[in-house]
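Presented below are the structures under discussion, each in the form of C-alpha cells.
Two complexes follow with subunit A in common, the first pairing it with subunit B and the second with subunit C.
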Partner chain A sequence: MFRLEARSSTPAWFNLALPLIAIVATLILCSGLIAVAGANIVEAYGVMLSASLGDSYAITETLVRAAPMIFTGLAVAIAFRAKFWNIGAEGQLLAGAVASCFVGAIPMPGYLAMLLMAVAGAAAGALVALVPATLRIKFKVDDVVSSLLLNSVIYYALMALIEGPWKDSFSGYPISPPIEDSANFPVLIEGTRLHLGVIVALIAAPLCWFLIARTTLGFRIRVTGENPEAARYGGINVQRVLISTALLSGALAGLAGAGEVGGVHFQVMSDISPGYGYSGIVVAMLARLNPLGVVPAAVFLAAVMTGAEAMSRATGVPAFLSDVIQGTALLAMLVALLFTAYRVRRVGASA
Partner chain B sequence: MSAPLIEMRGITKSFGAVKANEAVDLSVAPGEILGLLGENGAGKTTLMNVLFGAYAPDAGDILVEGKPVAIRNSADALAAGIGMVHQHFHLAPRLTVLENLLIGIPGKSGRIDRAGGLARLAEIGRQHGLSLDPNLPVSALSVGEQQRLEIMKALFRGAKLLILDEPTAVLAPSEVDGLFAALRSMAGQGLGIIFISHKLNEVRALTHRCVVLRHGKVAGRVDDPANTTSAAMAELMCGHEIVPPTKAASAPGASVLTLDRISTAGHAGTPLRDVSLFVRSGEILGIAGVSGNGQRALADVISGMLPPRAGTMTITGKTVTQFAPRELQALGLGRIPEDRMTTGLVTNLPLADSMVLPRIGTKAFSRKGLLNPAAIRAFAEEQIKAYDIRCPGPMVRAGALSGGNLQKALLARELAFDPKVLIVSQPTRGLDIGAARFIHEKFLAMRAKGCGIIVIGEDLEELLMLSDRIAVMYEGRIAGTLSGAEATVAKLGLMMTGAGHTEKAA
Partner chain C sequence: MTAVFEQIFQVGFLAAIIRIATPLAFATLGEMFSERAGVLNLGIEGIILLSAMTGFTAASLSGSLWLGVLVAVLTGMLMGAVHALFTVALGLSQHVCGIGVTLFSSGLAYFLYRLIFGQQSVPPSIKGFKPVAIPLLSDIPILGPAVFSQFTLVYLAIIAVPLAAFVLYRTPWGLSVRMVGENPRAADSAGVSVIATRFQAVILGGALMGLAGAFLTMAQFNAFTFGVVSGRGWVAIALVVFGRWDPWRSAGAALLFAFVDALQLRMQASGLGHIPYEAFLMLPFIFTIVAMAFMSRNAVAPSALLKPFRREER
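Then we have the complex of A and B:
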C-alpha cells in the first residue's frame, strides 16, 4: 500500500527534475503507440530527434516553431501567476495576426512597418484578453469559460474576414492579401527561416522573468494570484492588477500572431496557428509558470512537432503522434506537480 | 475507576530529526474528560493524529478497552469508536445537516438511507441533547452550530471517545458555555473526551484530569485541575514561571484616531450604526462584544477595507477621504488583521514577501517600480532577529511557520514603521501563553511610546489586562464604555448582552 503525505517544503531541484521526469514518462507512454503502429521505437524517436535538432538547419526550423509558443507560453505563465485563467491565447494570437497583417499591408518604410506590426499585434491581443478580465471583474463571469469560448468567436470572425471582405482578390483563395515585402521580418541566417521575431521571443522570456521577479508589478501579480484577500488588505488594487495582467498576457499572445505573419506566413489564413495558443498552456505548465523555463519547454514541443513529420515519412507512424505527445506531456506534468505538495509513503508493509 | 476506554502506551513519533512525541502515555476512562495541554509545537496535535490514524507511530501501542488495535487511517479510528473534531471543520457547505451526517455511511441498496439517518439523529438528540434542523444547509449554520454538527457526526458513527482540538478557539463566550454543558452531559453518559486547549481557565473549569506535554514528552499530570492554579499549570507547560507584564500608569495624550458617527452598509455581518469613539496617544482602547456584533465592520472601516456609508474618521488630526489601506498607512495607521492566514499573509510565498507586502511600493523596498531584493531580505532578516521569529530564514514559505511566529511577523511588519495608531483584532487567538505574553509586552511597549492602540477581542481577561478603557459593542453600536478601573468581567458580560446600557460616548 502506498499513500500520499503532505510535504512541508519542496526541494529546489524539483523545479528542474519534475518537467524532465514528465517528459521521459510521456515518451515512454507514447512509445506504446509507436509500437502499435508497427515501427521500431528507438528508430522512430531517433528520426524525431535528428530531424528536429540533428543539424543546424533543423535547429533553426525548430526555433522558428518554438517562437510563437514561447510568446503564448509566456502569456499563459504570467496570467496563471495572477490566477487569471487565460485559456484564450489562441484567440489573442489570431487577433494579433489579423491586426499586424492589416498594418503590414500599408506601404511604409520597412522598420517602421515591423515596429507598428508588433505594436498592433500586441494591442489587438491585449484588447481581446481584456474581455474575459472585465467580465470577471464586473460580472464575476468565469474566466476559463469566457476566454476559451472567445477563441471560437475570434477564429470564425477571422474566417468570415478572409472568406469575405478581406479575401485576397489576386489569388482568389480564402487568405488575406500579403503584407508589403519591406515589412517581412529580416532573416538572420541565409538559407533558413530564422527570422527577427525568434530573437525577440528569446529576449522576451528573460524580460518577463525580470518583470515577475524584480518589479513591483510582478510582486503584485504574484501576491494577487496567491492570496487576493491578503493583497487587498495590503493595499494592492487587485482589480487593477488583474487588468494589467490580462493586458500583458494578451499582448504577448498577440506578438505570437505578429511574428507568424511577419516572419513565416506574410499573410493571414485559416490555419495560421496549429493551436499554438493551446500549446502555450502545455509550455507554461511544463515551465512551472517560470518565464525562463518557457524557452526550453517551447523548444521541446517545437522539436516534437518538427520531428513528428519526419518520423511519419520515415517510419509510417502518423504525425498526429505529436499531438498525443503534447497532451500526454501536459497530463504527466500535472501528475508530477502532485509531488511538489505530497510525498509517496509506503505504509502497511510491516504492520 | 473502570478499565480505560483508550490507552496510549509509549507513543513515539519523529519527523526527520524532530521528535514530535517521545514515550507518551495517556489514558481516558469512560465518562472522563481529559485535558491535553501544551504550548504550540509541544506535540498535542501529533499525538491526536496518531490516535486518529493520520500518522503511524514509530513506537508504542494503542489499546481500546484493553485490547491492542492497529489504527492505520481514520476509518480504523472510527471503527474503534474514536471520533475527532478538528479545529478546521470538515463539512460540505452546500449539503444539508443530514446529508453531511450521512457522508461515508453505507446506504441501502445504493440509495441514501434518509429515514434511518433521521431516526439516528433523533436518538442522538435524546441521548445527548444535541439537535439541529436536518434540512438546513451547512452554509446557513453559525460556527458554533457547525461545531455541534461535527460532534454529532462523531456520535453518529458511534464514537465512544471524542477528541476536540481547541474547540473554543472559534467560539464566542456564550457559545463556550453551551459547548461545555453538552460535553459534560456526554461524559455523564459514559463517553470519554479529550479536550485540547491553551486556555487554562477553560481546562480548569471543564476537565477531570490533565496531561501536560512539553517538547513532545509528558511534562506533568494534573489530577485535580479545578483546584490547581493556572500559574502552576502554565509553569508545567512552559517549563518556567510566567510573570504577567507590568503595566505603567496611563498618561494619555491627544486623540490620534476619532470615529464620528460612522455607519456602514453592504457588508457581511452586522453593519455599524452611528459608532463614535476615539483613542488617545499612549492609550489602549479595548473593544469587547460577542462576536458578530459589528466588530468585523469596525475593524474593516478602520483598516481601510470598507468605506463607511456615513460619518467621518480622523487620524492624527487628518480626515480620511479614501478609506483605502494605502492612504491609512500613510497617515500612520498600523493594522493586524483577525485572520492571519487568509488576510494577513501569503502562505505560498516567502515570508519576506508577506513582511513587506503593505509597503512594497514605498522607497524602503522599491524604486521606480523595481524591487530592491536586498533591502527586502535585510528587512525581513532584521525583524526575524528582533522578534525572535522561529523559522529557517526569510525565504521560507510563510505557511510553514506556526501561528505564534506568524503573528510575530505581522506585528513586526507594522511596528517597524512606528505607527501612531494600531488596530488589532483577536491578537492572541490560538497562541500559547509564551507567544501571547510576547505580543502583550509589545503592545504595552508601543503604548509607552505614545501609540494609540485599539484591541478588538473576545477574551475579556486579556482586554481587562491590557486596556485603559473598554468599549462594548452590541448590535453594531457602542453599548457603553468603561474605564479600566471600573470594568469587570461581570459588568462587561452584562453590557455584551445588551442589558445595562450606559449612555456615554466612547
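Then we have the complex of A and C:
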C-alpha cells in the first residue's frame, strides 16, 4: 500500500525538477498520438527540437513566439498569486493589440509612437481586467466566469471593428490598416524577426519577480492570495490589492498584444493570437507562479508551437499536437505539484 | 420598426429559441450536477467540443446517428472521469484542472479531427437528425410546430429537466449529491462515500455535456467546425449561477439566454444591416455578464464548491 503523507517543506531543487518531470511525462504521453498518426516518435520530436532550437535563426523565431507568452504568463502568475482568477488574458491581449494599433497608425516620431503604443496596450488590457475585478468586488460575480465571457465579447468587438469601420480599405481581408512604418519595433538582428519587444518581455520577468518578492505591493498580493483573512486582520485593504493586481495583470497581457502589433504583425487581424492568453495559464503553472520561471516555461511552449509546425510539414502529424501538449503539460504539472505538499510513503506490511 | 418586430416574432422564432436552448440546457444541467456535488467543471467547453467531434466522427464513419450520440456521451463521461480523477481523487485546484481539461480536450479534438478527415476546404458533413412531429401535440397552434416538431434530442432535453429535478431532490442518490456538495464531513459521517458520489456526479455531468456536443454536430450544424462550441460551455457555467444551482431555474436561464441569442440572430437578418453582425453576437455574452451581476449577490453556491475532501484531514 502507498499513501500520501503531508510534507512540511520542499527542497529547493523541486522548483526545477517538477516542471522537468511534468514536461518529460507530457512528451511521453503525447508520443502515443504521434504513433497513432503513423509517424516515427523519435523523428517527430527530433524535427520539433531542431526546428525550434536547432540553429540561431530557429532560436530567434522561438523567442519571438515566446515574448507574448512571457507577458501573458506573467499576467496570470501575478493574478493567481493574489487568487484573482484572471482567465481573461486572451481578451486583454486583444484589447491591447487594438489600442496599440490605433496609436501606431498615428504619424509621429518612431520612438514616441512605440512608447505610446506600449502605454495604450497596457492601459487597454488593464481596463479590461478591471471589469472582472470590479464585478467580483461589487457584485460577487465569479471572476473566472466573467473573465472568460469577456474574452468572447472582446473578440467579437475586435471582429466588428476590422470587418466594419476599421477595415483596411486596401485589403480584401478583414484586417486593420497597418501602423506607421516608423512605429514598427526595431529588429535587433538583421535577417531575423527578433524585435525590441522580445527584450522588453525578457526584462519584464525579473522586474515582476522583484515586484512580487521585494516590494510592499508584492507582499500584499502574496498575503491576499495565501490568506485573505490574515491580510484583512493585518490591515491590508484586500479589495484595493485585488484592483491593483487586476490592473497589473491586465496591463501585462495588454503589452503582449502591443508587442504582437508592433513587432510581428504591424496590424490587427482576427487570428493575431493563437490562444496566447490561455497558454499564459500553462506557462504560469509550469513556472509555479514564479515570474523568473515564466521565461523558460514560455520558451518551452514557444518551442513546441514552432516545432509542431515543422514537424507537421515533415511527418504529416497534425500541428495541433502542440495544443494537446499544452493541455497535458498543465495537467501533468498539477499532478507533479502534489509532491510539494505530499510525499508517497509505503505503509503496511509488504511481504 | 413594426416590420422589424413582425419579422422577429414568428412561429419560427419560438422554434429557434428551443433549438438554441437545447445544447445549453444539457450543458447547464451537466455543470449543475457537478457543482451540486462540490466540483466546478471548467473542462466543460473542451468536453463539449471533444464529444461533438467524436460523436460526429462515429456517426460519419458508421452511418448511425444514435451510435454517434452514444460515443459522444461516453466521451463526455470519460472526460468527466478524468476531471474527477484530478479534482476529487487527487484534490487538485478545480479552476486550473478545468482549464487543463479544456485545453487538452480541445487540442485532442482538433488533432484527431485533422488526422481522420485531413484538411478540406469544405468541412465534411453528415445527414443529421430530422425533426420528428409528435402526433396530436404538433397540431396545437404556434406551440405545436415550434415545440413538438423538433429533433428527438430536443424532447430528451425537455424530459431531462424534470428528470434532473427528480433525481436531485427526490432520490437517495440526489440527497447524497447535495450532502457532499454542502457538507462533505457530515455526509461522510452518515456513511456516504464523498469521493464516489462526487465521481458519479461529475461523470453524469460529463454525459450531459456529451449530449450537448452531440446535438451541435448531429442536429444543429451536421458538421464539425473548430468554432462549433464557441463559448457555449462558459455560458453554461454562468447559467448555473444564474439558475441558482436548481434544474428548473437553470433550464429557465438557458431559455432566457436562447431568447436573447435568437433575438440577435433575427436582428442580424432584419433591417438593422448597417450594424456589424458581431455587435449582435456579443449581445448574449454581455447579457450574461450583466445578469450575473444582478444575480450573484444573492446566489448561494454549494458550500463545499471548490473544496477538495480528504478524509484524514479533520
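Basically, the second predicted complex is superposed on the first by the 348 of 351 C-alpha atoms of A that agree within 3 Å, B and C clash if a C-alpha of one lies under 4 Å from a C-alpha of the other, contacts with A are read in each partner's own complex, and residues count from 1 in each chain.
Operating definition for what follows: a contact is a pair of C-beta atoms (placed from the backbone, for glycine too) under 8 Å apart; a residue touches a chain by one contact, two chains touch by 3 or more.
Bear in mind the structure is a predicted one, so any value in this text is a computation, not a measurement.
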| item | value |
| --- | --- |
| When subunit B and subunit C are modelled together on subunit A, clash or fit | clash |
| Partner chain(s) touched by A:233 [first = subunit B, second = subunit C, both, neither] | first |
| Which of subunit B and subunit C A:331 touches, first, second, both or neither | second |
| Touched partner set for A:320, first subunit B, second subunit C, both or neither | second |
| Subunit B versus subunit C as contact partner of A:217, first or second or both or neither | first |
| Broader residue contact with subunit A after superposition on the shared chain, subunit B or subunit C | C |
| Which superposed partner A:285 touches (first subunit B, second subunit C, both, neither) | second |
| Contacts of A:141 with subunit B and subunit C, given as first, second, both or neither | second |
| Steric overlap of subunit B with subunit C in the superposed model, located at which of 24-32, 42-50, 60-68 or 96-104 | 96-104 |
| Complex interface listing, subunit B residues touching subunit A | 56, 70, 72, 303-305, 324-326, 329, 335, 337, 342-349, 353-354, 357-358, 360-361, 366, 369-371, 373, 396-397, 400 |
| Complex contact set, residues of subunit A against subunit C | 33, 36-37, 85, 87, 135, 138-142, 144-146, 148-153, 156-157, 159-160, 163-164, 278, 281-282, 285, 318, 320-328, 330-331, 334-335, 337-338 |
| Residue ranges of subunit C touching subunit A (in the complex, touch as defined) | 42, 46, 86, 90, 92-93, 95-97, 99-108, 110-111, 114-115, 230-231, 234-235, 237-238, 241, 276-279, 281-282, 285-286, 288-289, 292-294, 296-297, 299 |
| Touching residues (chain side subunit A, partner subunit B) in the complex | 8-9, 213-220, 222-223, 226-227, 229-236, 347-348, 351 |
